[in-house]
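To keep things simple, chains are lettered A, B, C and D as they appear, and every chain counts its residues starting from 1.
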Amino acid sequence: MLREIRIHGRGGQGSVTAAELLAHAAFIEGKSVQAFPYFGAERRGAPVKAFARVSDEPILLHSQVYSPDYVIVLDPMIYKVVDVTEGLKKDGIVILNTVKKPREIGLKNCRVASVDATGIALELNLLVAGSPVVNTSILGAFAKATGEIKLENVLKVINETWSGAAGEKNAKAAELAYERLIKGWEDSA
Amino acid sequence: MEQTIIDTANHLAGYAAKAARVKVVAAYPITPQTTVVEKIAEFVENGEMDAEYIRVESEHSAMAACISAAATGVRTFTATSSHGLALMHEALHWASGSRLPIVMTVVNRAMGAPWSIWPDFSDSLSQRDTGWIQFYCASNQEVFDTVLQAYKLCENEQVFLPAMVCLEGFILSHTYTPAKIPSQEKIDSFLPPYKSGWSLDVDHPVSHANLVAPDWFMEFRYSIQEAMENAKRLIPEIDRDYGKRFGFEYGGLVEKYRCEDADLVLFTMGTMGSDAKIAVDKMRKEGLKVGSARIRVFRPFPMEEIRKLIGNAQMFATIDRHISFGMEGFLATEIKSSLLGQKDTPKVAGFIAGLGGRDVSSETIEKIAKKSLKWMDTGKVEEETVWVDLRK
Amino acid sequence: MTTLKELPKEEYLLKGHAACAGCGPSIGLRLLFKALGNKVIMAVPACCTTVIQGPYPFTSAGVPLQNVLFETTGAAASGIVAALHARKLEGITVVGWAGDGGTVDIGIQALSGAAERGTDFIYICYDNEAYGNTGMQRSGSTPYGAWTTTTPLGKGERKKDMPSIMAAHRIPYVATACTSYPIDFVNKLRKAKSIKGTKYIHLLAPCPTGWRYDTSKTVELGRLAVQTGLWALFEIENGKFTLNSPSDRLVDKTKRKPVGEYLKLQERFRGLTEEKLQMIQSWVDEDWVRYSKQCV
Amino acid sequence: MSKVPKSRKDLPLTPLSYPTFGSMGKTGSWRTFRPEVDYSKCTKCTICWVYCPDAAITRQNDDSPKIDYDYCKGCGICANECPVKAIKMRREEE
């Protein structure tokens, strides 16, 4: 089984770190993994992409990801300027950081889940150089929305990557995102 | 008016730059090229040549200055050798990628370490993949004529690529022989004023060569390959036209000598092409059907011409004044690759000779030919690559 | 003396370019065109501007701009100047616009060659104090103690004094400037344009991405760099040194803010020990003793 | 005008790019905070205009600033530098 994930974000939001942490979490669960950025001239603020692959067999692929199973969108504005569902597999899941409910987002022929990761970061005062950190909490949301990785492994990877208060805060954000994630396909409200 | 002078190939390169009405020259010294730029300094300082003469502080800057000057709409010229050419390597790629018709004289000299100021082709052949057209000359007259032909070719809108005119250090660069300098108006009628494919113009602002993403980069590379193919077609035409106007022509891509019925064809580059004629004539008298083909243009490589030379030859011998360490000489490699899949492909024996200025005399060439003929008779090339006269 | 409202409204750095939000160098580039107009040909080596102009087939540069090799800005400018002279084209200002790495490190040889030859052009080093385009690696122009990705514990050497190096070439005009003082920078560009020969302007251009501060503070930080005396605004015209406002009033130590006020706003100096901070303060004070002697 | 190639024959001899607004697209989508001008306070000093790295503020005939939200990246320099605090940064609503 091969799962391919595309992460949309802005330069400086940590899309590549998100891909790397996601892969690391899957690796702990015994999977073969791969994580890589889209190689372009990243600029702070500019739309960027990063990718992860998770599989039971060794991964020999080195091409771009063209038809992802899952898409993570770190920035609430990006889906208005970039087609985040491009190439998404049938019933693929898009997880967005936004205050909006899934059905308010209006993405077609895909399953949508949403969580206000920015809000969580502001709530926990989880900031770097003034901007909210969302690339760790969104992994909690990813675990909830897809079940591909367990929350405990997300927290384990976060605490291995950041020690002390930073580790705790990022782990707390991931837990909150896990709890607050809304699955559009289950949410009848 | 027309004049015949007795001078070195280096000085003739200077005469050619003057005749071509070059407007910007970037000059930096390196043995054995130095007297080219010294000659041009003379012309500029005594008013014979109306050009801007930039005394740059390195070869890397020499090529950078030429690139920007050519991009600002003028004909440019520079000259270098060996490590100077190697230092330019990055800029050579930039020049061809910018499709700027810069002409540079390369006075061939071995690459170190250790230091060697004597000729071989290891410097220019190391640059064969940079998108530069490469001419190799066998006489002072050919140097003068080829610089002019190169400008005509490079400024053709189907080409717009830079070119190297290579000549061996000392054997040509510092050797005095007679050479004819045609009248300026006849040269002007052959070589019209500079025309570039694009330029930096405040009235039509552009940014040149900013980032190209994967979606179009390959297509730009392909257009350079197309330009090289066009050059392969245009070089013989320009050579013939030059011959009609001035009485000198060099066989276009390949200068063939008595190859029509040859059993063995010797492939050479540079001045050994002329010494080879002596060996061929001598062996012909002995009833041996030998011919020689001097590869005048290494890029674009004259693959089709090589195939035409197969005829009823059973053996090709390549003489490389170069070695690509861990393999063979480039001439051998490219001749062999041209033959792949052809009907009645002759055997090929590769010879390495004349590295670091060692002589490749007609006797040496005769020895090479006789060994090749022996292998032709036995039907077996016993040594894929032979280092000629290698000390024990 | 120019005022803000006298500056032309035309923009030759077109909006929608690829600079990071809060980019100091982009302020500098806009001001360049306000001072010099658009009869300008630019040589730009590998640097942030290479990407800021945007990818083919678009560019946000409104003047002819040749992207050149990293080491070659000085040589490229020589080529352009020579060609324009050969074509007898007048009234075009040739500008080299390069980052600090492309100036004080890899490009210093070509620049020195061009200056020594007296090439008639204006060279502007926009200094964000590291290799910004490749993600903030240490350059010769990175200040002592600053974090970069290649000096995680802070740079161990002091910032290379490029203006002095250029002045040593006896070129007619050397100046320092800062994107927080637009009128000073524009006046210097206009003066440079009126002088024949090689003119060098070293422009401090704060960079939020690299210095790690909030994007809104770019101008405030540039001001503090000057007010603390860490960055002095001066001109060296045919060897004559003069301090420009407000630096001319900072020879008096009491008028200078402590360097800490500037350094502590930037996360790249977070690891700075008190001892290193004092060392930086002492170096600044020494510099100003030197400036005051040169003023006379 | 820009020449966006559709096929190889549209390509120039060598990559030549033409001056265009939005060489990186509408960079207004980059911001998370937007500056808003309170014209009642604005003294038309043009400081915000001179310091905008993106030339996203134009000087109107009366020298008051006009922000082009298609391109403003929301860096906040204008708000930080406005001497009369007439520009406020507000979080971009979704």
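Simple rule for what comes next: a contact is a pair of C-beta atoms (placed from the backbone, for glycine too) under 8 Å apart; a residue touches a chain by one contact, two chains touch by 3 or more.
These numbers were taken from a predicted model, which means no experiment stands behind them.
In this assembly, the chain whose C-alpha centre lies farthest from chain D is B. Chain nearest the geometric middle of the protein is C, using mean C-alpha positions. Between chain A and chain C, the centres computed from C-alpha atoms are 39 Å apart.
Look at where the CA atoms of chain A average out and do the same for chain D: the two points lie 30 Å apart. Chain centres here are Cα averages; for chain B and chain C they lie 44 Å apart. Our note on geometry: chain C versus chain D, Cα centroid distance of 23 Å, whole angstroms.
Each of the following residues of chain D touches two or more other chains: 5, 15-19, 24-27, 30-31, 73. The set of chain A residues that touch two or more partner chains comprises 41, 43, 45-46. Across the assembly, chain C contributes residues 18-19, 21, 51, 53-56, 59, 61-62, 208, 214-215 that each touch 2 or more other chains. Across the assembly, chains come into contact as A-C, A-D, B-C, B-D, C-D. Listed in rising order, the residues of chain A touching chain D in the complex are 10, 43, 45-47, 75-78, 80-81, 98-100, 131. Chain C contributes residues 4-5, 7, 9, 11, 13-19, 21-24, 26-27, 30-31, 53-62, 182, 208, 214-220 to its touches with chain D in the complex.
Contacts from chain D toward chain B in the complex involve residues 5, 8, 11-19.
Residues 18-21, 51, 55, 133, 208-209, 212-215, 267 of chain C are the ones that touch chain A when the two sit in their complex. The residues of chain D lying in touch with chain C in their complex are 2-5, 15-27, 30-31, 45-47, 49-56, 58-59, 63, 68, 70-71, 73-77, 79-81, 89.
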